[in-house]
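Two complexes are shown next, each including chain A; its partner changes from chain B in the first to chain C in the second.
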Partner chain A sequence: MKAALALSLARASLWHRRKVLALVCLTLTLSVTLLLGIQYLRTEVKQSFTNTISDTDLIIGARSGQLNLLLYTVFHIGNATNNIRWSTFKQLEQDERIDWLIPISLGDSYKGYRVVATDERMLTHFRYGQGHALAMAEGQWFDGVFDVVAGASVAKSLNHRIGDHIVLSHGGGRTSFSNHDQTPFTVTGILEPTGTPVDQAVYISLDGMEAMHIGWSSGVAIPGRTLTPEQAEERTFTPDAITAAFAGLDRKILTFRVQRQINESTAEPLSAILPGVALSELWRLMGQFERALLGITGFVVITSLIGLVAVLLTLQAQRAHEIAVLRAIGASPALIAALYVIECVLLALVASALALVLGAGVILALSPWLLAEYGLYIPLRPLDHTEWLMLAAVPAAALLVALLPALSTWRQSRSLGLGDTGEK
Partner chain B sequence: MPSGSRTTAPALTVSDLHFRWSADQPSLSFPDIRLAAGEHLFIHGPSGSGKSTFLSLLAGMLSPESGTIHMLGNDIHKARAGDRDRFRADHIGVIFQQFNLVPYLTAETNVTLPCRLSDSRRDATHPNPMAEAHRLLTALTIPEDHWHRKVTELSIGQQQRVAAARALIGSPELVLADEPTSALDTDNRDRFLDLLLTLAEERNTSVLFVSHDRTLAPHFHHQIELDGGVR
Partner chain C sequence: MTLNHLRTLATLALALSAPLYAADNPSAHQHGHAELQLAISGDRADLFFTSPAHNLLGFEHEARTDEQKQHVHSVREWLATTPLISTGDIDCQITDANVDIEAMEHRGRHDEDDHNHEYDDHDQTEQQSHSDIEVTQVLNCPGIDSTKALITALPEQFTAISQLEISWVSSSGQGSARLKDGETTFSLAP
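Let's look at the complex of A and B:
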């Protein structure tokens, strides 16, 4: 068989039919883009998810299940069952196995976003992704009692600038009826986007949290007993309790021992969890969703293959004369079958290449928007092993489906007479 | 009964040829032929007389029920299907009534196509297939600016002449022509026939020309009748 001839005929034939094939190629390109995109997104979302918190060895909170503790401390979902006494936190600080601690105090909200009360240790020790620290996009970390630092998404969606005065709400929820009107906060800084729930919260000092709750009882402000900002500046505050703490250990090997000790603490019922373990348990729970995506991916492949076969069969009907001519001048049935296979594979290769370009373009174009709007960090990266295999499967599958028209043409052209198109 | 009575070895010998499409259909029988190299044969046959079947048998694309076809000393139906395809590529040029050309190739690439399928026909061109194609296209009065065009942009008459050039390139021993002039008007038909036969003679190529139009017969050395052949 003449491979060079088959290749050049296939190329000329594809080019000749480019107007029809452009549409097919577009369909194939879009479905391959979708296939690859879903796989890419799956990998990235999982990556993004497991990168929500890093370098934190233990999360310590009131006694509860590990998922609950993970959800309310890291993902700002749900509520704490109880608090940790400040004295207990002070004791933990004395523990020399613990390198650093970040206290966090939750409970209030700002227009649906969580208010996280913490201190400067959040800025120095908190890590996400591949060990990234928090960074200020504008302004500075809070210093005064009524200073607030906004997460990137909060600042973006509510259009906050440095110096804005904002009023926090008591309790969670988007529309709270009890606001801390007497103690407005001033935005002193805005965080860089992280693509994690950190973007979806505002950060105040533990002092600020205490100060705005003075004079409050059972969720209502008692008139005349709340502080004015001026009074607050003159006082010092000591919190009674915090919600949870992130901890980093000096020696990672001690993690389980410290965890066990905290869990068995008799002074106060506490739970310490390993964030990595809790995250993977949470991801397993969401595996249902991942499997659904995988199913959709499968259907996308099947759909595009059916489209491919349909087009090949349509082309076959159009090509009876051309095949009669090629047979008459001595082309073997194998050469003619090879034409189909080569054309189909070339088409798939073009579609795959276009899908790569299109996919990269879409990711580049949407990546900043996804991060800003949804806090989803989808960077452009080289394809991984699985994705390359998936992409390679497209021309391979095209080769397989091309065998269908190729074999039927091969069989037919063996039995047809000179100049016979088989259309009688 | 025509016979190549010259001293050269016959280009084609057909004897006692029978064909049956399927077991329940009548057997077709075809006249015996003995054609010397370079001689032209006119085969007259009305439609339905089995012309296409006869040419398919000669081209090695159908197998006879009985009888033999010797072409250039080879019994072509003793060969395997792949060898028959190669034999056709090497030794036979074909012209149909219409749809002769590969639509996505230019006129000149259509003409050189046999040289890409057959090494012997490529080697028979001087100095190369493209030069030979240009010479044939010029002889067949295809304007030079049409050579690089898609064949679908050519007139029917031009398409048939391009097909003739393709059949003649690389000087095959035999050209099978199946009603190649029936889509042409009288002027075009006569010009086509003249050019085809003249160029074939230059190359010592035998032309087997099948037509229902008996007025063409005088252009040929011999003529035979296909009578439907049902026995």
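Let's look at the complex of A and C:
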């Protein structure tokens, strides 16, 4: 009964001061949204990051550090130190422990996007996220020497359709002066968006990569030596080298053994890395920054709560008459102290609820843009355990900070008599 | 970027590149650091642990005094009979173990010249040679595939290991963890 009375009194009191408190509530809402948003993004970006590649047990490339190999093969950042011989790749194919291999050859670009030369094994075996395979949004995987498949972001930003003819550039970079003009490629397919760097590249055959470089020397096409598309269709090509290979093993338990054996190969200096291990190392490197960000947001919430107390304490001075009346009609000092606590917690609850709605709205609104612009897939999902705990911490903290005005009011109202406003 | 950051990055780079240079380069050898590789499939876990001998024994030369020989023996026994990981609830059983600690027991020819010297000076010994101890264990741990976190006894047993790099492969994916200053529990979340 008393609780119901306190609640209705608190509600009435909040409503009475709605203008000032709405502003405080807005500040609190924004800071809680920020806190939750950062934590949500942290989880999702990590998820998106670790989902970049899955089910690939080893990435094999020329000898280098594992982060470098991971960055240039999976994230298209940086360059390969060396290539691996095609004969070595063929030998790896003979290894019975290796279930599948995807060869990839890098080095050229298309309007700033990477050109990845590979074969149909990319479509069959490459997995991202929770074991999702690549899928064609339109058209089909390349078949001919001069066929090209565009990643979703490339097709979208450059507005490519099936049947478009495109000219790839020699080397990397957004503007290249040496283009493979003699050997234009035809878009035969466009991949479904994946939210991974796969979207940011175009895919051609290893034959296509070889064919467009015939007649090239020191990065320049020698006139008369290059192939025409017709000539190229009639020839067969064998690459001398590829950049790296993704490998899947029959038995995962052998991963480290195969890795050690490849790393110790004396025929050609190779590095085999575990992509999941390299990804978690990379994430650990960046982890300090995201923790710092979360820490700062935590302080924003604390600042808002202190602001809330400041407002409550200011209001307290104005409420002396109200408290005197309440005491006169029989309200106990405890009830009056409880009023402050209830008001403060109610405010925090409203702010938390508003933050949830606001956060969900922002994610819904920004999600397609983030995927299109940054290849970052941030879906709307229910909050996880940590996020709920963070959200619950807000009213709990409000309860704690409300004790300050509550205690001082309780003390004042105990010594309050009728007709006395408590003002000294 | 402060010197501390640079040092962290350099240490990281060293630690990361450690397993990659085995054929033509000598492997990296950093006292205080050790590496544990863990492959889990069903109830079976394959472990490969490698550490500078100094972390486990306190010296890297051939054991000479009876005390040192006894120490090498007890470390070998411990590594061969203690499962390096456990799930907390269920103890793992060793089905196969191999401890490569030979260098500590019988040093090769190239170190024979050193036999007449005293080896109290750590730096002097370090210049002469480095030794690593490699341990492989095959464990049977019921329910390990669904375990979220594992415990390793290594940092407690060998307090000289200040940083233990753990890489793991399981049905849920791959990942790594770094245990510092006596931490013993690591998560198996990718």
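Going forward, the second predicted complex is superposed on the first by the 418 of 424 C-alpha atoms of A that agree within 3 Å, B and C clash if a C-alpha of one lies under 4 Å from a C-alpha of the other, contacts with A are read in each partner's own complex, and residues count from 1 in each chain.
Following the convention adopted for this analysis, contacts are C-beta pairs under 8 Å (C-beta built on N, C-alpha and C of every residue); 3 or more make two chains touch, one makes a residue touch a chain.
Computed from a predicted model, the values in this text were never measured in an experiment.
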item: Partners on chain A (chain B, chain C) - clash or fit; value: fit
item: Touched partner set for A:G287, first chain B, second chain C, both or neither; value: neither
item: Touched partner set for A:L5, first chain B, second chain C, both or neither; value: first
item: Which of chain B and chain C A:S13 touches, first, second, both or neither; value: first
item: Degrees between the directions from chain A toward chain B and toward chain C, using C-alpha centres, nearest 10; value: 110
item: Chain B versus chain C as contact partner of A:A328, first or second or both or neither; value: first
item: Which superposed partner A:E264 touches (first chain B, second chain C, both, neither); value: second
item: Partner chain in contact with A:L274 - chain B first, chain C second, else both or neither; value: second
item: Partner chain in contact with A:R414 - chain B first, chain C second, else both or neither; value: first
item: Superposition-derived minimum Cα distance between chain C and chain B (Å); value: 54
item: Touching both chain C and chain B, counted on chain A across the two superposed complexes; value: none
item: Complex interface listing, chain A residues touching chain C; value: 50, 54, 57, 63-67, 251-257, 259-260, 263-266, 269, 271, 273-277, 280-281, 284-285
item: Residues on chain B engaged by chain A in the complex (per definition of touch); value: 52-53, 55-56, 59, 61-62, 81-82, 85-90, 92-94, 96-97, 99-105, 109, 113-114, 116-118, 150, 166, 176, 178
item: Of chain A, residues touching chain B in the complex; value: 2, 5, 9, 12-13, 15-17, 321-322, 324-333, 414, 416-420
item: Partner chain A, residues of chain C touching it in the complex; value: 12-13, 16-17, 19-24, 37, 39-41, 44, 46, 48, 167-171, 173-178, 190
